[in-house]
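What follows is one structure encoded as structure tokens, with my remarks underneath.
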Amino acid sequence: MENYQYTIWILILPFAAFLFTGILSGKLKPSLTATISIGAIGIATALSYLAAIQYFFLNASESYTAVEAASFTWYRLSDTLVIDMGILIDPISVMMLVVISTVSFMVHIYSTGYMKGDDGYARYFTFLSLFSFAMLGLVLATNLIQIYVFWELVGLSSYLLIGHYYQKPSAVAAAKKAFIVTRFADLGFLIGILMLSYYTGTFSFSDITNPDGPLITQTIGGTFLGLSTLTWAMILVFMGGAGKSAMFPFHIWLPDAMEGPTPISALIHAATMVVAGVYLVARMFTVYSLAAPEALEVIAFIGAFTSLFAALIAITQTDIKKILAYSTISQIGYMMMALGVSGYSGEAGLGFTASMFHLFTHAFFKALLFLGAGSIIHAVHSNEMKDMGGLRKHLPATHITFLIATLAISGIPPFSGFFSKDEILAAAYASNKLYFAVEYLVAGLTAFYMFRLYFNVFWGKKRTYENIHESPASMTIPLWILAFGAAFAGFLPFSHLVTTDGIPFDTHFHLTIAIASVAIALTGIFIAAALYRKESTRSQKIAATLGVFYTVTKEKFYVDEIYLFITKKIIFNLISKSIAWFDRHIVDGFMNLTGNTTVAASFRIRKFQSGNIHQYALVFLTGVLIATLVYLYYYPK
Amino acid sequence: MYNLNILLLVPILTLAGIMFVKDARNARVVAAIGMSVQLVLVFVLLYMYLAERNAGNMEEVLFYQDITWYESLKISYTIGVDGIAVGLIVLTGIVIFAGVFASWLMKDLVKEFFFWLILLATGVFGFFISLDLFIMFVFFELAVIPMYLLIGIWGTGPKEYSAMKLTLMLMGASAILLVGILGIYFNSAPDGGAMTFNIIEISKVNIPIAAQRFFFPMVFIGFGVISALFPFHTWSPDGHASAPTAVSMLHAGVLMKLGGYGVLKVAIYLLPEAAGEMATFFLIFVAIGVIYGALSAVMQRDLKYINAYSSVSHVGLILFGLLMLTKTALDGAVLQMISHGLITALFFALIGMIYGRTHTRMVNEMRGLMKVMPFLSVAYVIAGLASLGLPGLSGFVAELAIFVGAFSHPEPFYRVITVIAVSSIVVAAVYILRVVAKMLMEGVKDESYNDLTDARWHEKLSVISLLLFIAAIGLAPLWLSDMIMSSLEPIIMRLN
Amino acid sequence: MIEDIPLSHILIVSTLIFFIGVYGFMTRKNMISMLISVELVLNAVNINFVAINRYLYPERLEGHFFTLFVIGIAAAEAAVAIAIFINLYRNIRSIDVDEVTEMKY
Amino acid sequence: MSFSDILLMRNELLLVAATVVILIADLVFAADQRKQFYYFSVFLIFIVAITGLFPSESGSIFGGMYETGGLQIMMKNILNFSTLIVLLQSWGWFSQVKQQKRIGEFMILLLSTLIGMGYMISSGHFLMFYLGLELATIPLAALAAYDYYKSKSAEAGIKLILLAAFSSGILLFGISLIYGITGTLYFGEAGQLINGSTLSVLGLVLIFTGLSFKVSLVPFHLWTADVYEGSPINVTSYLSVVSKGSAVFIMLIVLNTVFASLNDIWDTLIYTIIIITITIGNLFAIRQRNIKRFLAFSSIAQAGFIMLGVIDNSAFGVATVVYFILVYMFSNLAAFGVASAISAETGKESIDDYKGFYGTNPRLSLVMMLAMFSLAGIPPVAGFFGKFFLFTAAAEKGYYILVLIAVLNTIISLYYYLLVIKVMFIEKSDSPIQFFSSNLPMKISLVICVLGLVITGFTSGVFDYMVAVSDQLFSSI
């Protein structure tokens, strides 16, 4: 048993940085705040790499087993149901540690350049520390409640950072939307946790995901609509994951979340937080795979559908960050689908490995894309593609790194995306041909819209820019580092590191699939080049011929409008308003009515007291007579 | 040993001090000193209690005192505390402390204001330490009646109407409660022997089931109304909206918890069989209240109305947890009492402070306060996050325990109703974030707002003292929940 | 002899007088008449006491004495009542009972 | 019959002596010495009241016609002190020029009713009871009509005397029926001979209604409001506390001695009457604007509450009633004291005139507030304890529904008591009653009342003692 005690500092340091800079906010110099945050995440990154090396490469045994590095009782719900806070070291958590700390560290450094001179500079770094803490805590969680706790905390930091420009109405609205949509999804997650804890009596992952544990080996609960209780619970858990990972139909918050500063989009809304849903499914994969395969089918379907759906929307968007956002949704759909088609143990678990692999590579190239986009925006002060074009001269470093990332996401060898995407396609092919077909198509679409973006920004029409210059070194260095990752991460022997049951296996290289996928990617690239490399009107013509279909995609399939209709019209106006009215007029009205009736009655009966002695005597006598008669009737002796 | 009487003595001395102070403005100083001493004493109590428990004292209540008062009726001045009471006393100490500082700038009839405020707090402290149904009832009413004057004289808006409605509804409930208490008293010696008002004594006998069935609804409704039990909650929005800041704080923060505490210690503890039988019926109303309060809050425009309806929803969760009758849910309910007490007090304090500056409580009339009063705005955001159950703040642990406990009930119906109640957390996010977005964010709407100042020292003191405990409970709930859990044992034993 | 008249007859008479008094009290507008009606009621009671005493419990004289006291008190009552009537008459120039309804509701 | 037996009548004898002395002193003191005369008279009554506190033996004289014991002494003490307080509160009214020379008259009338009440409470025989009752009633009519320049006062007197005569006619008819059945007029003997025959039930109903008239229970209450409103305010307070209290006391005694065996019958009777009395009293009180009329209806409702204790025919029930009367005396006299101070100072008797009163006269307002809280039954003032014990008494008999109706009615009553507080404390006025300083006797009386309100509830000894002495009523049977 190795000692991973030090991993606790990975959590403590960012949290301490958050508390310290948060409480002293306004008292510290902004640059000092940034330094503290960067220092904390820097050390945490180093420790993460240490842990990764120790876990993967200094491990003597054949397979990887989960290790609880630390644990303490945080809260006791009952004698048996105890919530721990701890650190769980296993392949996926260590892999995530590396991803998160690397990207976060890069984004920290990048932000010192990108956010320079911003009013909320110090606040930004404080929240960045909070996010790093929450995200690291999420992946290290040992139990369902801990993961839920940090799940909410990443949601909070996402909310805070999307709303960084809080004076901008659209940012405020986007932040709110992100929080509420994910909150709604989390409701399912929470109910799922409640169901699981009720049937298993524990929150701990090691108990729940134990392949020989009671949850998996025994049937629990009854069935509902033909699915077992456990399946329902797992679907609800997935609902939480779907919310965070912006799966259809919860995807609507992510494009809006681009209102946040671009480094935030890179860190939270591309590389780390949004894949938390994938991570969650992976974390519970044993249960899904062995005890709730129907739930896994749902995941596969949602993943596949979302990846296609988002890719279609991405084609028509003009805001570069929105394109990247839809691309993210689409890529996460890939990962979800891969998990959904995966089996358990050995080579059947290829989908799982592929999904994690893609998560890993995606983090690098997508973060890089966003940071590159940030660099572009930093230079031209716009998000819209129409304001760009021919930037390759002005922003050479950004251009090269962006191209690497674009090639990587398009699945062009030898860049990292190729390897992971190839495994996903192989896994899909082995499991379900339909999903394979969809994902194959999406691969082509991805290459197309990414190069559409690339050509539009860096090639296309020439324009003159005022005062344009390449970003400072604090921004370009992270770009290069990430570009390195995006280029070479694909060579990691992932199936030897991350597998469903911790036992490494060998993957075979699927030549046909590889060739096919590269072929479609190249097709996409060529179409994009033909349309966008030079300024032309061809694309508009095509758009015009597509007509309604084009409009519908451009309007994102009107999902936002449907949501707006349900929330504004139905929930707010119909339900909430009527309840508020009911409360004021019926419930409260009844209480007032009681009072008013009493007062009215008091006026009604005042004639009773007429002031006339005759009447007084009459009432008196009537009283006597009634009493007499009643008693003579009831007590006749 | 700790003498609980000191918890009453200090407020009474403060009252006397306020009465005899020469300059009316100094009344606030007297009140502040008195309540600071009280706060210290409350923490000494907490410390002593934990020390005593750690030393292995497993008595049901600690610091027990029993002085016979009315020989002929076996009324005695019986006091003592268990973990639940200690938790709530701590809550009260904090809230009244914060309340005094929140009303530091009170202008007219200062002496009278602090007099009634502290009197109200005295009633609450007395309520939590009493173990005799009679004196419990006395303190209960003592805590309610100052509300009339506090709202009527120092309130805003339709204050006379609100004050009257609140008082009549709450006193009406306590009237029903009185019948329930008398019923318990006269059935407290089913096998002959002396009847008693002493809760500890009564808990040792089994009240005949017929009597339990008859009196449980009375006790439950009697205590429930002050916890805004649907459909008797309508005093709450009007009352809170009209009340001055400190009164809203104390009322929503502490007084509404008297109901939950009473339901637990009287209705459930003394009438366990009836509680088991009738819980389902009342749960329907409580669950309606939880959802209904949340949905009503969504459409409100007045900050205080929003918070009042939100309180209906959150305090509804207390009753919800209590009626589940499982240990975890009871624990959650008690935690929710403390947690919601702190959060809502913080909310009302902040609303009062914002209102004192902008002179409006309408959400859509304000905008961009974050820029001009960052301290208050940040505090408001934290309060909102705590209220919507964000982990790391106190609301989460309480609600989690309630939901887990409720869900672990073997009846499927209970689980269904739990799912309904759980969904209120989404609605909570909606109405809280709506306010945060509209009121605090974006640019300043009214130019004159740029001249507004941020919190003064006494306001900061008030806010920070509340924030501190919200975070403390949220981050490290274990000691508190263990303290409550061990005190729930006797109740659980009665329920089985 | 008086024993030839059964007690019930006397009681019927007294009850009749009682109700005549009550009826008078309810219908007379003049206060003096009302006072007289009350005297009738009291006299009905007196008849009751005397008759019951004489017929049923002749060995003790409680009923007779009670009657004497009732007569005496009735006189006192009448004195005070008439004094107040005069006072009222001075104020409103009437002793019609329908006139004294200044205070009501 | 020895001298020491005569001393059992100590209270009444002293009162008679005081009356005679006042009668003479009225002649002795000159016209410009009315204040001294007033103080002298009050002092005499004070002596009488204090003497009542000394321990006294219990026993019966005049062949059982006059009975005395701890319970009776307790009741008489309450009445004596109430009278004393009423007199203390009267100086403001006496000091008005037109009343000055009639102080003696007032005192004598008042004291004779008190003597009547003493005999009534101590009676063991219907004759004594009747004499006491009439002695306690007829002078009251004269007192009600005391203000002979006001037609309202005369109207009050007329309503009182005519209806009182009518009701005593009915009461007497009832007594004659009881006499017909049992052949005796002694309470004790009659109680043993009553067997539940039709006639005895009829007698019970008639006697009960006669007493209900005095206690002003619905539907026998109609005189109350008019008489209270028309009478001078101090007479009103006397009527509402002393006269009503004495009637309740004798009702307790008669029901529990003569009609003890018909308990289940008068239980149901009272049950019904409580419900209508409280409800009607409350409903009428809600919209009253004249303080005297307001307190009249409130006292009707209070009478209904008092019956909750009467319904419990045990030592405990009796004690709760006596205790409540004591508390009620403090609360009602405090309220009337404030009202009479205002009335004597400004002549204002409408609640609406009290607007903004707290701003100008905070102390009087606070006294009024305490009184209102006590009447409404709000802790920690004594009224709460009084009401609580009454409810306990009714609950002891198992009448939970009745208690429920009663407690819900306390909410209506709380509403109108709060209205008074609202007017004084919350509402603002352009021309509030200006600040004035009450005279010394009034201050003393209010201090006594406030102390009584605050202390009585906390000193459990009073109530426990009452329970002990009340036992006598039941042990003798």
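In order of appearance the chains are A, B, C and D, and numbering begins at 1 in each one.
Heads up, the rule we're going with is that a residue touches a chain if its C-beta (ideal position, glycine included) is under 8 Å from a C-beta of that chain, and two chains touch if they have at least 3 such contacts.
All figures in this text were calculated on a predicted structure; none of them were measured in a lab.
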* Asked: Quick one: which chains contact subunit B and subunit C both?
  -> A, D
* Of C-D and A-C, whichever chain pair has more C-beta contact pairs -> C-D
* Whole-Å distance, subunit C centre to subunit D centre, using C-alpha means? -> 27
* Could you state the distance in Å from the CA-based centre of subunit A to that of subunit C? -> 97
* Asked: Distance from the CA centroid of subunit A to that of subunit D, rounded to the nearest Å?
  -> 77
* To do: Calculate how many whole Å lie between the centre of subunit A and the centre of subunit B, each centre taken as the average of the chain's C-alpha atoms.
  => 36
* Mind pulling the subunit D residues that touch 2 or more other chains? -> 158-159, 162, 166, 170, 225-226, 415
* **Overlap residues in subunit B, where contacts from two or more other chains coincide** => 168
* Asked: Which subunit A residues sit where two or more other chains touch them?
  -> 595, 606, 609, 611, 613, 617
* To do: All pairs of touching chains, please: list them by chain label.
  => A-B, A-C, A-D, B-D, C-D
* In the complex formed with subunit A, which residues of subunit C make contact? -> 22, 25-27, 34, 97-98, 100-105
* **subunit B residues within the subunit D interface of the complex** => 69-73, 75, 134, 137-139, 141-142, 145, 148-149, 152-153, 159-160, 163-164, 167-168, 171-172, 175-176, 178-179, 182-183, 185-186, 214, 218
* Asked: If you look only at subunit D, which of its residues touch subunit B in the complex?
  -> 316, 319, 373, 378-380, 384, 388-389, 391-392, 395-396, 398, 400, 403-404, 407-408, 410-411, 414-415, 418, 421-422, 425-427, 460, 463-464, 467
* In the complex of these two chains, what residues of subunit B are touching subunit A? -> 165, 168-169, 230-235, 237-238, 292, 295-296, 298-300, 327-328, 331, 368, 370-371, 374, 385, 388, 390-392, 396-397, 400-401, 403-405, 407-408, 415, 418-419, 422-423, 425-426, 429-430, 433-434, 436-437, 440-443, 476-478, 481-482, 485
* Contact residues on subunit A for subunit D in the complex? -> 595, 598-599, 601-603, 605-606, 608-609, 611, 613, 615-617, 619-620, 622-624, 627-628, 631-632, 635-637
